[in-house]
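Once you scroll down, you'll see the structures, which are given as structure tokens.
Look for subunit A in each of the two complexes below; its partner is subunit B in the first and subunit C in the second.
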Partner chain A sequence: MDAFSMGLVAAMGALATVAGASEDIESDIGSQSNPNSQVQLAAQVGNPHRIYNKAVSGEPPANALWAATAAIVAYTLITAFQMPALLALVAGASVAALFNGVFAMSSYFGRNASQARFNQWIYLDIVRYTTPSIMAHAWITSFCIATISYIMVYMLPTPHPFPMPIIALIWGLAVGAIGSSVGDIHYGGEREFQNRQFGCGLNTMLSGQIVRKAEAGLRNSIDNAWFCTKFGGPATGMGFGLTVFLDNWRTAVFDPVTQASYAIAMGLFFIIVMVIYNNYIEKSLRRKYGPYPEYKGDVAA
Partner chain B sequence: MSVGGGGGGAPSAYDPKKLRMYGLVGSIVGIYLGSILNSALNTEVFSFVGAIAAIFAVVMGANSVRRICAYGIGTGVPSIGMLALGMGIIAVMFGLSVAETMGFGLLGPIITLVYAGVFGYIIGVIANKVIKFNIPVMEEGNADLSMAGALAILGWSFAVSGTLGYADIVNDVLMTGYIAIIFIAGGLAILHPFNACLGPDEKQDRTLVNAIMVGGLAMVATGIAALATQGLAAGLLQLIIGFALWFYFFKMYYKLVKRDASAVVGTGLLPPTVQ
Partner chain C sequence: MNFDINTIVYILEIIVGGLLVGIGVHFVPVGGAPAAMAQATGIGTGTVQLAAGSGLTGLLAAGLMMSVTDNLWLILASGAVGAGIMIGSTMLTGSWIYAYAVGVPFASAKVTYDPITGLSQPPYIAPGTVGHGIPTVCFASGLIGGMMGGLGGAMIYYPLYLINGNAALSAMFAIGIFLVNAVIASWNIQGTIEGFHDPKFKKWPFAFRACAIASILLALASVLITGGA
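Then we have the complex of A and B:
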């Protein structure tokens, strides 16, 4: 292990933290992934709304697409046109953001048009001011992930044997999966159902009864970004940043060829520590806040 | 209420059998046409024909996703799209390597297609009989999906490498990592149309136009990849045709959205509730 490779690992961890945060906020602005089902149901149970409905797919495949797009463009520009890496990565992320905009718009149009019988309108002003915000966050995510892949393939002392686009695809899947499991709960459970008692869980009869009105005026997806930036985004960033950092740290400290067994043992050690820590957090939360009262009608927040 | 719009199958204006025939014939003929033109004229400019051929397969796949998922599989739409490409990539690798080993490189697409059909059907039987989905069109739909996924991967791999040789595709598509974008953009092209149009008032024509639109976008991506593997002329041609396809069909999609939506407004308050 040398200082240079440890610096690179630290940089990758930092990039991953930013990527995780921006990924979660991107999906929250568009109401992607699991909270999307409530946005989709809202109109069907008689609550038409002004919230973006970006159902591109689950977050993992969608983010894999943005990251892979950024990586193939960067890889092409670097290998075929000898472009400087930073410029190539910027160009790649820009193409990925454009792809993201097309997919986001087509979902908003398509999903809302398919709810015509519930009178869910399509608002063009939402498309105009929310889509660029979604694209901007996708730009940050795909830039960070393509850069992580670039570092892993071209800069680390023991380069990764896979080609850059494949690594970007895998990290894209990973950031989507982490965003979906960590950050979305903050948006889905606490923002869409902000008027319910904290921690009451989602009763089936509440399905689709999401908050449609804001502190002033009607709630829109930019408000949701503001809310999710406070906790869901950073938590996701920490989750993904730790994943990338710890995973690369063990192969930076132990040589992956000659000391592979140490690196694997270190990975197992991390998993055991995290399982114990998660168990502790869950138990202490239940001790402090639980058990939650039975649902007895609506309770004022 | 199921998010997918209720059980009982999706009403369709275009018969799935006809769409399957157009999809399979269009994409096989297109891939062969591109391959023969490329080798006969000793050029790589006609690789874009393979990319267009893949879009035929994508439309067929999107229709099959629509048929299966209309039975109420709301959150399973992305999974089934990934399944299609997963089955497809195995079929492509099998078909091309067997054809090359036998010494008949040109037989590759046919072997791929047959293998994909049988493989998909078996997966469909397992899904229905073992996992007990009990969806009537599952076997047929999975065979369609598998063939669509295989032909989409084959068409776009040909568009990137310029030949149908197994060794060339391994070198130009797998070792460079361009398979990543073919896999994920192809998957999204098959799963996104129905996913984006999910809802009780989903219309078949709108969904299929969305499939062509996303197919055009994927062709832009393979065009970028072809810039590195085949040079500026072949790559740019593919990129521009992909962009033109995307542009034309995005406008058509928007037109269909305006036709189907209850209202498209510049801005406004919440609409009155209809219940």
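Then we have the complex of A and C:
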């Protein structure tokens, strides 16, 4: 291991953290993925709202598309037009952001138009000022992931055999999977339902009763981004950053040619630490929160 | 191309890889959209999404290992560990949100006592929900599933790379075979599952048969097509 490759792995970890955070906030502004079910349902149960509604697809395929688009454009510009890497990556991310904007807007128009019978309006002001911030976050995500792929293929001492677009596709799938498993809970489980008692999951009876009023005026998706930036976004960033950093750190510290088994043992060690940490969280929560008062049976140990 | 004994071994490896993916998906504790609202136990996303995210991260690790060695065991272990790290960090950071943002203790509605830690579950289930968060048994099950996915992905990638020597082509085929098996398994799961302790897990033989048929067809196609490339 040399200092240069360690620095590259650290940079990849940092880029991944930013990518994870921006991916989650992008999906929260647009209400993509799982919490979208409630946004979609809200109008149908008599709660028309001013929240952006763009379930283009599940987050992993969507982000895989955007990251792979950015990487393909960058790869083409680098190999065919000898463009400097940084500029090529910027150009790639911009094309991906344009794709994202088209998908987001057509999804918003399509979904809300189909809910006209439930009195759900299409708000042009929402489209005008929310779409650019969705695109901006998608730009950050695709730029970071395309850069990670570039580093893995062209700069690390053990270059990855896959071409840049395939690596970007896989990392895009991974960041989408993490964003929808981690950050979405903060948006769906907490932000959408701040009108119910804190500290319990969403009671099925409250489905569709999302919060529609803000501190001042009506709540929109920018308010949701403000809230989710405080915890959901950074936690998603940590999840994806840990994945990229730990996965590459073990092959940077231990040479995969001569010390492959150490690299694998190190990975197993990380996994065991995670199990123990999760178990610690579980036990400390039970201690601090206690059982639900509505529970009528005996509380066993 | 020559259709010799090696080709048959490659086909068998791809089939075993596909089956590992198909069965591995059953272990991953996914609660779908209800879990994102802390309304069901497990990770708040879809089955295929998470299995693909982790398994393909494993494929990246396996691909890197395969570029420096041809030792099958190292490649397989690398794939499994890469996938395990991804799914482990996802579940861990997801746990932070359940714990510190939504504020729910972790509880499973499918069992009265956690089979691993022995902790009782019903008192900690919020009214109107079917559990929430990721209890230890779900975490362990998720790790097993994710690692089986990574193992399967590596197992598919390895023979394909030996046949055509083209990492990009092999990776694309591996991703495709992976997704087909993951989707078949998630139809069997019907949306949500909590892991190996969930009664739905007993349905795995159906997915096993369906994945076996799909994998045989895909293995034949991929061996022939990439062989000609």
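Following the convention adopted for this analysis, the second predicted complex is superposed on the first by the 290 of 301 C-alpha atoms of A that agree within 3 Å, B and C clash if a C-alpha of one lies under 4 Å from a C-alpha of the other, contacts with A are read in each partner's own complex, and residues count from 1 in each chain.
Convention: a residue touches a chain if its C-beta (ideal position, glycine included) is under 8 Å from a C-beta of that chain, and two chains touch if they have at least 3 such contacts.
These numbers come from a predicted model, not from an experiment.
**Q** Touch check for A:Ser37: first (subunit B), second (subunit C), both, or neither?
**A** Once the two structures are laid over each other on A, A:Ser37 reaches both partners.
**Q** On the A-aligned overlay, A:Phe109 touches which partner chain: subunit B = first, subunit C = second, or both, or neither?
**A** first
**Q** If we overlay the two complexes on their shared chain A, which of subunit B and subunit C does A:Pro163 touch? Say first, second, both or neither.
**A** A:Pro163 sits against subunit B and subunit C alike.
**Q** Should A:Asn195 be classified as contacting the first partner (subunit B), the second (subunit C), both, or neither?
**A** neither
**Q** Tell me which of subunit B and subunit C touches more residues of subunit A.
**A** The partner making contact with more of subunit A's residues is C.
**Q** Examine A:Gly58 and indicate which partner it touches, taking first as subunit B and second as subunit C; both and neither are also allowed.
**A** both
**Q** Just subunit B (first), just subunit C (second), both, or neither: which does A:Val73 touch?
**A** After superposing on A, A:Val73 lies in contact with subunit B but is clear of subunit C.
**Q** Just subunit B (first), just subunit C (second), both, or neither: which does A:Phe118 touch?
**A** In the superposition, A:Phe118 contacts subunit B only.
**Q** Same subunit A residues contacting subunit B and subunit C, which ones?
**A** Of subunit A, residues 37, 58, 61, 162-163, 166-167, 169 contact subunit B in one complex and subunit C in the other.
**Q** Name, in rising order, each residue of subunit A that touches subunit B in their complex.
**A** Contact set of subunit A toward subunit B: 37, 40-41, 44-50, 55-58, 61-62, 64-65, 68-69, 71-73, 75-76, 79-80, 95, 99, 102-103, 106-107, 109-125, 162-169, 212, 218.
**Q** Could you please specify the touching residues of subunit C with respect to subunit A in the complex?
**A** Per the stated touch rule, the residues are 32-40, 43-46, 49-50, 52-54, 56-57, 59-61, 63-69, 71, 74, 77-78, 81-82, 84-86, 88-106, 117, 119-120, 122-129, 132-136, 139-140, 143, 167-168, 171-172, 175.
**Q** Of all residues in subunit A, which touch subunit C in the complex?
**A** Residue list for subunit A touching subunit C: 33-35, 37-38, 58-61, 158-163, 166-167, 169-171, 173-174, 176-178, 180-190, 192-193, 198-206, 231-232, 235-236, 238-240, 242-243, 246-247, 251, 256-257, 260-261, 263-264, 267-268, 270-271, 274-275, 277-279, 281-283, 285-286, 289, 291-292, 294-295, 297, 299-301.
**Q** Inside the complex, what are the residues of subunit B that reach subunit A?
**A** Spelled out, the residues of subunit B in touch with subunit A are 1, 3, 5, 74-75, 77-79, 81-82, 175-181, 183-185, 187-188, 191-192, 195-203, 206-207, 210, 213-214, 217, 221, 224-225, 227-228, 246, 250, 253-254, 256-257, 260-275.
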